[in-house]
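Structures incoming, each one as structure tokens.
The following pair of complexes shares a single chain, chain A, combined with chain B in the former and chain C in the latter.
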Partner chain A sequence: MSTVAYITTRGLFGRRRALLLLPLPLLLVGLALLCRSYDVPATDWGTPVLVGLGLAVVLPVISLIVGTGVLGSEVDDGTLVHILTKPMPRRDIILAKLGVAIVVSAVTCAVPLFIAGALAGSAKLGVGLAVGAAVGACAYSAFFLLLSLVTRRPVLLGLVYILVWEGLLGRFVSGTRVLSIEQYVITFADRISSSDLLVARVSLPVAVVLSVLITVGCTVAAVDRLRSFSMAGETS
Partner chain B sequence: MSEASVIHDIGYQRYTGPRLGRLQVLTAMYVHGLRAAFGFGRSAKAKIFPWMVAGIVLLVAVILAAVRAQAGIVALNYVQFADAMSWLVILFVAIVAPELVSRDMRSGVLPLYFSRPLRAADYVWAKFAALVTGVWLLLGVPQLIMFLGAAFTTKTGMRGVWNEVGDLLPAWAYSVLWAVVFAAIGLLIASLTGKRAFAAGGIVAVFLMTTPVVGVLSILPSTDAQQLSGLASPMTLVAGVGTWLIPASNIGLDLGRFGVVYLIEALALIATCLLLLLARYRKVASL
Partner chain C sequence: MQNVSRWYGNVVAVNDITMRLEPGVTGLLGPNGAGKTTVLHMMAGFLNPSKGTVTLDDKPTWRNPEVYRHLGLVNEREAVHGFLTAEEFVVANAKMHKLPDPKAAAARALDLVEMTEAKDRRIGTYSKGMRQRTRVAAALVHNPRVLLLDEPFNGMDPRQRMHMMTLLHSLGERGHTILFSSHILEEVEQVSGTVQVIVAGRLAASGDYREIRRLMTNRPHVFAVQSSDDRRLAVALIAEKSVSGVEIDATGLTVRASDYGSFTRALPRIALGEGIRLRKLLPSDESLESVFSYLLEA
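For the complex of A and B:
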């Protein structure tokens, strides 16, 4: 299991791919610093930077790149066969890869969000955002990992989820918010920090239950899917 | 073994017909690119994503036309419609641009293409024109639907129809600007990687991460910074040009006296992206 995790980490950070993870967090911290240095009141820039950029773009996009990268790139390259033929339970493969994805995306998102939150308000806001991002990273990673097993175009489907479901529908159709990971993250961050920069639209019990449900459900479904996984050639 | 060896004539022939030149290659690539953009000539799976986006945009246009015909409310005018659909345009570019250029890199056909009379510039132009046409169709056809809905329910006869035509034509030009800017940026990003997944993610990330920059710049304590803030993101850049050139559009951006700056930056951005694309295709070693 540790070998799978090691190989996955090396696949993620090998070559130039790791550089893809850098610009978004840097932009987040940079914008927070810019506003701070111009003495703009945090009530003005807090929501567009922390929620509009941090929780609505940085967290899902990084989780998407990492979450589909851990398994999807191996499916694309066909190297997944080498792992599948080893005498180890499929459950361990999924858990190892999911663990790497969660740790990487949680660290990449939580650290800049903590810094930006601390610049915007207090360390408490930073902690709230960081914890929310870490929990969100679990749910997003499990979801995108499952996507990379059920479809050949996981990144596009994930983008559709982020842009259309969370972005467009979440803004205009209030009912879809109950099924949007972004809203759970905002709820967690709001409850922990009790800051007025964040507006929770989903109640805490709903957010907790559904986050756990999504994480566990997607993991179980991914294990089940990998049990009968067939490698197909390039299609369409 | 003892017989003398014989070379049999198995019917190989030289091609003696007319040889088509660069123009024909370019046209063929353009048509192929445009068909590929909407998944024509590919399996049903390839049609899902582009047609899902096109379906949503068309649905919105039909709803807007119906609302206008029944209730007489203009919820969005033609120019505002293009702005409201910006996220879907991004998604469309993220779906189609990798399809056009990243596939060629991945399957290693570029050396084959360039062993023809085709030049690097032709390749770039053909792909660029195909993507521009695709994005323009994505916006222009729904605008035409809205126009038809408005024209057939107008209360003022021919004059009303002419009014609508006068509104539609600038909006079509505005859609061309959208298409050109987004296609240039999208193709440039997609041409850097042979993996469609990474290309799609990169395109969306670039467009999405620039939006909050505008939000932040627009609240800085300086009027100039606020009026110039739209320059930071392609979407507000295009909207700014639209506001400046089509005063009737009511997009709601405050540009002050900087309207011309938006136009200059839009042109410079397009030119830079295309030049970088040309530079990128000077060498086509597989990625």
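For the complex of A and C:
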């Protein structure tokens, strides 16, 4: 593990913000367990819990907390300067931080989604959701990491994207689904699991191409942005 | 820095500054809001000049991480990774510099700032002064030729302050180029004779402040003089062309001279001629405070 990744991981789990990672996955697994233990048919609870909570809330919100936490909190408190005053390519810094964000988000989301999917249908559904979550974690993390470099309010803007763009417009305006990471994740999970509980609204080629484009594009933009990172004078 | 300006919208923070730093300790002096931090940030490659160039060894500092092989920065914001111990923090800095023996380099740097004893405690538990010294250790871990420090004595107690001043002195004497900003005149006066004075975004003066004072020919130089017969010496001095005024009180004479060189040459001649013994001759407005207040008034 690179030193930047080590500091980032220690920083991520050393802050109280890390506690925010626990409730949502626990709620997801808890709801699935509750429905299963009361023998509620999966057709009644599967879609609202797995998609409505798991893919529309847990995955993007966890990715938002982690994606903005790996760099944004260091920008906010000024500790980033200790990393930037090193003769390292800015690409290496971004890749290390993005790597940590992807791994933490993917593990935090894929495990509970796998358990909830297995409880709702089959292990295959669980695998589909876990793979979808891992791919989604890549795109979300790159996007939120970039947000933390281009705005002073990355969490607010990220929430607007999740709640307004994906949550509201994505339900009612079909055109916006093409630019919705949530829809790509549903497509991947649906293709892998072939479950009736998931309904893909975006074709697989579109999901693949746009996921790669968002991940790579946001990463390249973040590297370029970090190269021009400026510090405002505090006493002048 | 060559003809460097930096503006934010309509506000000019730094106005056409040309500055060249030589090995040794230089104080960057100016009142709050003068543009010191902006200058330091441009030198450290964290701010793009709106006009002009900032270079280290002829290479631009902006968008050039390679300069950090030779440059260390201690900025004013006292942000440190509080969840790490001082040793972990400085070793991490050494590793990011890809030093061959990060642990040894970190131990050396921590020893320089007298943080060896507390190195195993989390930085979050440190006092402000200890955090500052830890940051200095991190900036020094790769033994940079150039060290930039923004208000480095903030939060330090007098003993730590004295130690930091000695450290900067010794680094300067070993050929490092040290630039530190401060708005506290006593700090600059004790650490460095060479100053860069910034007032309202402009470079108001540059060089040894005692030399700067001597070049201010439009202001009379003030000397404190004591002799075996102050009253007779006062009468003799007032006839001298380079003397513009003499005051006499219980402690001796206060002489205002319009020309530093002429007066200091004339005084022994006059004293000898009058048969008066000189006991004390002290330039009393060559302090940095006097120079600085003259520059601010100008």
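What to note about this one:
Just so we're on the same page, the second predicted complex is superposed on the first by the 229 of 236 C-alpha atoms of A that agree within 3 Å, B and C clash if a C-alpha of one lies under 4 Å from a C-alpha of the other, contacts with A are read in each partner's own complex, and residues count from 1 in each chain.
Simple rule for what comes next: a contact is a pair of C-beta atoms (placed from the backbone, for glycine too) under 8 Å apart; a residue touches a chain by one contact, two chains touch by 3 or more.
Just so it is clear, the model here is predicted, and its values are computed rather than measured.
When both complexes are superposed on chain A, chain B and chain C end up sitting side by side without clashing.
The superposed model places chain B and chain C at 80 degrees from each other around the C-alpha centre of chain A, with the value given to the nearest 10. By the touch criterion defined above, A:Y6 reaches chain C but does not reach chain B.
With both structures placed on the common chain, the touch criterion links A:W45 to chain B but leaves chain C unconnected. Once the two complexes are overlaid on the shared chain, A:P205 sits clear of chain B and of chain C alike.
In the superposed pair of complexes, A:G175 makes contact with neither chain B nor chain C. Taking chain A as the reference, the larger set of touched residues comes from B, when chain B and chain C are compared. Following the chain A superposition, chain B and chain C show a smallest Cα-Cα distance of 7 angstrom. Overlap of the chain B and chain C contact sets on chain A: residues 235-236. Residue ranges of chain A in contact with chain C, taken from their complex: 3-4, 6-7, 10-11, 14-15, 77-79, 81-90, 227-231, 233-236.
Interface of chain B with chain A (complex): residues 42-43, 45-46, 49, 52, 56, 87-88, 90-91, 94-95, 195-198, 200-202, 204-205, 208-209, 211-213, 215-216, 219-221. Interface of chain C with chain A (complex): residues 13, 32-38, 41, 44, 46-48, 63, 65-69, 71-73, 75-77, 79-84, 89, 92-93, 95-98, 135, 138-139, 150-151, 183.
Only residues 17, 20, 23-24, 27, 31, 34-35, 38-40, 44-45, 48-49, 52-53, 57-58, 61, 64-65, 68, 72-73, 76, 152-156, 159-160, 162-164, 167-168, 235-236 of chain A touch chain B when the two sit together in their complex.
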